[in-house]
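So that you can tell them apart, the chains are marked A, B, C and D in the order they are listed, and the count of residues begins at 1 in each.
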Amino acid sequence: MHSDTREIQQRLWEKRKDNLRRAWYKFSGNYLSIVGLVIVLIVILLAIFAPWVSPYPEHRGAFVDFSKSMEPPSSEHLLGTDAVGRDILTRVIFGFRFSLMMGFVVIGLAAPPGIVAGLVAGYFRDTWVDTLIMRITDVFLAVPPLILAMAITAVLPPNVFYAMLAVTLMWWPWYARLVYGIASSLQNEFFVQAAQVTGASTPYIIFKEILPNSVSAIFTKMTLDVGIVIIIAASLSFVGLGAQPPTPDLGTMVSDGAKYMPDQWWMTVCPALAIVFTVLGFNLLGDGLRDMLAVEEV
Amino acid sequence: MFKKNWFLLLLVTVMLTGFVFGCGPGEYEDDVAPAPDEDPVDVSVDGPVYLRKTFSWPTQIDPAIGSDFSSSTALTNLYDTLVYPNPDGSFVPHLAASWDISDDDLSYTFYLTEGVLFHDGSELTAEDVVFSYERLQAVGEGFAYIFKGRISAVEALDDYTVEFRMEEPFGPFLSTLTRLYIVNKDLVMDNLGDGPHGDYGDYGTGFLNDNDAGSGAYMVKEFDVATQLTMEKFDEYFSYLDPMAPDIFEMIGTTEAATVRTGMMRREVDISDQWQTLEAFRSLEEIEGIDVARWPDGGQLYLMMNTQIPPLDCVHARRAMSYAFNYDSLVQDIYPGTEQAMGPVSSVLPGWNPNVYQYSYDLEKAEEEMALSQYAGQWDQYPIEYAWTAEVADLEKIALMTQAESQKVGLPVEIVSTPWMTMIDQAGSIETTPHIMSIWVSPHYGEAGSILEAKYHSSNAGTWEQTEWLLNDQVDQLIEEAMRTVDREERFGIYMQIQEEIVELAPTIFAYDNMERHAYQSYYINWPQAQDPIPVMGYNLAARFIQVDPVKRAELLGN
Amino acid sequence: MTDTGKLLDVRDLCVSYRTYEGKLKVVDGLTLEVRHGEKVGLVGETGCGKTTTMRAILGILPRPAGQVDSGEIIFKGNNVLQMKQKEIQRIRGVAITAIFQNPTAALNPVFTIGQQLYDVIRSQEWRKSGKRLSGKEVHDRAVKALKEAALHDPERLLSNYPVQLSGGMKQRVCIALAMVSDAELLIADEPGTALDVTIQDQILRLSMFMMSKRNTATLYIEHSLGVIREWMDRVYVMYAGRTVEVANSVDIFRSPRHPYTRGLLEAVPKLTGGGIARGIMGRVPEYIDPPGGCRFHPRCEYRMDICTKEKPPFFDLGDEHKVACYHSGS
Amino acid sequence: MKLSTFILRRLALSVGVLLGLSILIFVISRVVPGDPVRLALGARAPQEVVDNLSAEMHLDRSYPVQYVMWLKGVVQGDFGTSLYTRRSVSQDVRSFLPATLELAIFAGIMMTFFGILLGVLSVQKKNSWVDNVVRIISYLGVVTPAFVFAIVFVLLFGFYMDAFPISGRISPSVTPPPFITGMITVDSLITGNFRAFFSALTHLFLPALSLSMAGLSQQARIARSSMSDNLQKDYILAHRAYGIPERKIMSRYLLKPSLIPTVSILGLDFAALLSNAFLVELVFNWPGISRYGVNAILRKDLNAVAAVVMILGITFVVVNIIVDVVVAYLDPRIRMRRDRTSAL
């Protein structure tokens, strides 16, 4: 008995290891995915170690040096300086912190309620629960997320927390919809029916039978969404609804710098490229994951 | 394969080529006068002469509503007032040919210039003056507050005589008349909408929102909300109208740097707004034929401290802030060419006190004051919230500088970029007013009393012009006394006393005397007010004095 | 070289797929011939390369992954592999046509049956005779083809989309599509497999009946031997991408020689899905790194040393019975 | 299900969604901190003036009553008075919406047309440099925020090349055509004013391009992948086996099913387009409803905010209905089964 279970577990483990190996093989076969992974890692590491790797860490906060303002890129300031003499490279590196935090927190907050809503609606497909939940998500999806997020951000006090809250409010329906699609198709599968027949509780079926089958789709979407949320956050900042100065925020830097075009182009172009770089990383990574996990719904 | 699609591709290519050729990038020759896009800029000297200036919107052209810079500019061009200000702060007769003042200073009788025509051809009479005043008070916005509670009655004695009766003597009354724009009563009455004013309905606010009913040198041709106000010359204007004054005066509702810059380069914008960054003005000045006009506008940048909340309810804390502010860097790095303000009144404003104490950048003194404060040693518990207008890039520099300097002496400042409308909202109550708000305030009429009353009299607390919430009885009494004093010298004496009092209380960091900057096409524009500015907001852009030479403009464009 | 008796002659065909895992040699040395009017069966387990063979012959291997590495496919004396795309197109549909395994996938979901059928009829006729048919003629032929395929109410059917039909009906439509061409060679790839068991049989009978009636040469691909016995002249048995045995349909049942053929015959009821593991885990390594020598040797009870080392040649047993096995051949 | 039934069903669902949306918007616009009327009138306005305006805007009533009155107004096209422009919001919307519609339509056309064209080219020249260029463009398009495109285009085409105007809808020196539809390109064509037309067209180009980049990339990407997926489908192989000419297969049997995913994604792309209009209109100083909306948001002009969001919501829902109908027309599989996954 015991040796049997152990053997089965052993085999399962091997199989899982093999799956992982195969997945990695598939993933690494596409060099773009590797590029994405590398970019994401670079950005995350830069964000974490910003105080140590940025050339002028004190420039992240309350600092002015008008004698050095608006210098073009040079060996001293690789990406130049801004209107009050702060090093743009430093601020871009610290800006990653805000972007990443925004991305991770929003997805982290939006995914769970969206997933639960989608699972429940999908499991109770064609009942009033389904109708209620999915119609609510429809309402949220009826307006482009950035617009509603802007409206919400504007009526709330101007700080990062509320900006994140606004985007989160706009984001959960997408997860609800994704998971709903998967859950409602799984709801008729034999293993779910088998679980129903054996008397498993509804939460058990939803979370132990259906959820694990949605994980790869959810995970892929989360990765791709981090990039999109970073864009949305940057857009909010661009309009003036983002982080408060002196906190370095890429979107705000772009919009501030835009006032000095075209002569001081680096003030706007460098942070803009930093946004593109970050989002590109998450997108390439997400695409790689999608191929690897063979997810189609996302 | 794909035969159809190839055809489409061909079509697209043709379209794109059309675009590129249509725009003729190749014609670009030099920085000075770049070839414009496909519409060659009108180089002909025939046709109407334009004057185009950029502004920050909203422009409200109802004289009972508008009060900011762009509104004042529009109103000055569309409407007339009883008196007209001079550069030195005195007045000349305008709609009023002359006036008498009763001995008790409680009654002013104005004798109107005869034959003044409104834009619809009807004549301006005393009835219109009475109506304009009553309308301003009933609608209650804009400049209405200036007169509120001071005038008991306005009466037309005959067609050309009108009497203003005061509740009590009102010293700067003649100055304030530069803000009483006379509207065409009959025209307004013909265009009443529904509203809360009984027989007067909406008092014509709906109509006057995008039409004018004035007698000014210009009249509304087209009003495109948030985009553009087009005014055309009124040939039957009763007063001086320069023969070279523009036929069309366009106020363009944008302050966007790139727009202004390309517009100026293409000579499609003749005068820029004042909200450009210093750098932008510098590069504009480098363009051939463009100069930057600078003049003190009688206002200041005030860093207003909420005197009702800790720690700034302590005068020592406020003085510490005043010493910790780097005035030197401000006037050298951020606003070169300006000067540190001396006291609450701008040095160009009649009634300014040249002898008040001037705070300087002195961190040691700041620390001394901090030690005297009841909050000494516990500054960390009282973070100071500093709000600046999100729309203005330069204010962020000042906010960052304040934050960095205060940090040096241990005053924790948190800066918050705040949209203008939010700032107005926040100013509404003591609780919501941040510790510091940096705001430019300009006088509404040309004397120190305008600023002093708006900024420090309790009745104005809670407006965006006074977020200090000074609420000081002694100051209130002094201001009221000054307002009652009709004799100019005597009144100015009280103004000076008030200024000393206020410097002592240090409710505000008096940053610098504001310079209004406008880049303008000096090669083909003669702008007399830029040389000899009038210290009343809006009057320097009375287009009837500005000369535009289309020949010279064509010269610049045609190389 | 060319034998006029042979309509299709496939020699030593090797086809591989390039995938993330590497190169899959799905067909590895397949030899097969079909003569005029002859009905030939190609039997093997699911996944042994039958469908790939069919696609290679039709020149419709999925590009760019699928690739013919070596060998010849000679159709009416011309090597299909050396033909230009245009020439292949000319024979496709006119000379060779096909019925696919899964009728749902084989019908374009966004066009009506009529649209698809009309287009086929038109392009057939245009290529055969250069004539443009009138709408009426096309319609009549389409109705006729559907009737022949035992479909009721063809008029209504023509305006239906595939999604509105049942699986059996769709396969009948496919048969009709294949039949309108009067091709010399029809390749049928397990036309019944994707269908219900009861319908399977009807479809089989229908397709067989139509083929016999027209005397079209047929290459009938099946995993089930039962079908073969009844209708086929000759049978090729395929294992892991190779032909292992060929004989007429009488001999193959009476005296199967290859151990795999014997296994197949013994295991008739549990053929599908048995044998070679269908799961990803089992099948893939087999094609990336197939067993050396005879590919069947790991499962063969008569395995000899030589089987693991060298690929067995065909041993001619006479009467067109050939087997690729050291054990039974020598 | 017949196409007409499908459309009716779809409309019914949309009405429900719009009702929900109106509640959502109402809630958002009424949680504004501070007194919007006082804010608009300034601290010096007498209390009775404030009260009058509050009453006029029904702000003194209970929330449900306010909602019903507001909704009544909305249905009649009356969104109340803008606190910022002092005009009725519907009047503002009428003057600003055409500019945005013009921009969005132009961008939408560019997006669909160039997107699908690039996708088709890419599949046709698979793995060639054309394909690679398209793939790079489509990647950049997806990861680059619209305002970055806008800024880069302004720098490149506006400042350095001076090839396109970068602000406004028409040159100040050109007399705009009279207001007929409000879309300058259309109006100038109607009145035969070609100078105005070309001026408007060049002004339209950069903003529309910035606006369309995201959707364009998405379209190219989807078109490319769905076409190359479908190329492997059995039915394409079957069409080949039945001898249908390759050209016909490509232009008919491959294109139509491949267009379904591109068309279905159009709805989402249009959403991106509407959102991005907020940023692009700011950069290009485009006097459209989005710039109006941003200003309204920043100024807490709640009637205007509600109107803008509601109108964009309605636009979006309408576009989605059209998209769904087109998809249903293209894809009988959708038409034949009950639409149940979403009302969008």
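Keep this in mind: a residue touches a chain if its C-beta (ideal position, glycine included) is under 8 Å from a C-beta of that chain, and two chains touch if they have at least 3 such contacts.
Given the structure is predicted, the values throughout are model-derived calculations rather than measurements.
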item: Centre-most chain, if every chain is reduced to its averaged C-alpha atoms; value: D
item: Between the pairs A-B and A-D, the one where more C-beta pairs touch; value: A-D
item: Remotest chain, subunit A as reference, centres from CA atoms; value: C
item: Distance between the centres, which are taken as Cα means, of subunit B and subunit A, whole angstrom; value: 45
item: Centre-to-centre distance between subunit D and subunit A (centres being mean Cα positions), rounded to whole Å; value: 24
item: Interchain centroid distance [CA atoms averaged], subunit B/subunit D, Å; value: 37
item: Centre distance in Å when subunit B and subunit C are each reduced to the mean of their C-alpha atoms; value: 86
item: Subunit D: positions in contact with at least two other chains; value: 33, 154, 159, 246, 298, 300
item: Interface hub residues of subunit B, defined as touching at least two other chains; value: 258, 390, 419, 422
item: Shared interface positions of subunit C, touching two or more other chains; value: none
item: Footprint of subunit D on subunit B - complex, ascending; value: 1-5, 8-9, 12, 19-20, 22-23, 25, 28, 34-39, 41-42, 50, 52, 58, 60, 62, 65, 139-141, 144-145, 148, 195-196, 205, 209-210, 224-227, 250, 252, 254, 256, 258-259, 262-263, 268-269, 390, 419-422, 424-428, 432, 460, 462-464
item: Parts of subunit D lying in touch with subunit C, wherever the complex brings them together; value: 126-127, 231-246, 248, 252-253, 256-257, 260, 330-333, 336
item: In the complex, subunit B residues that touch subunit A; value: 257-258, 277, 279-280, 283, 329, 332-334, 390, 393, 396-397, 399-401, 403-404, 407, 413-419, 422
item: Contacting residues of subunit A [partner subunit D, same complex]; value: 126, 134-136, 138-148, 150-152, 154-155, 157, 177, 180-181, 184, 227, 231, 234-235, 238-241, 251, 254-255, 258, 261-262, 265, 268-269, 272, 275-276, 279-280, 283-284
item: Complex contact set, residues of subunit D against subunit A; value: 13, 16-18, 20-21, 23-25, 28-29, 31-33, 139-140, 142-148, 151-152, 154-155, 159-160, 271-272, 274-276, 278-279, 282-283, 293-294, 297-298, 300, 305, 308-309, 312-313, 316-317, 340-344
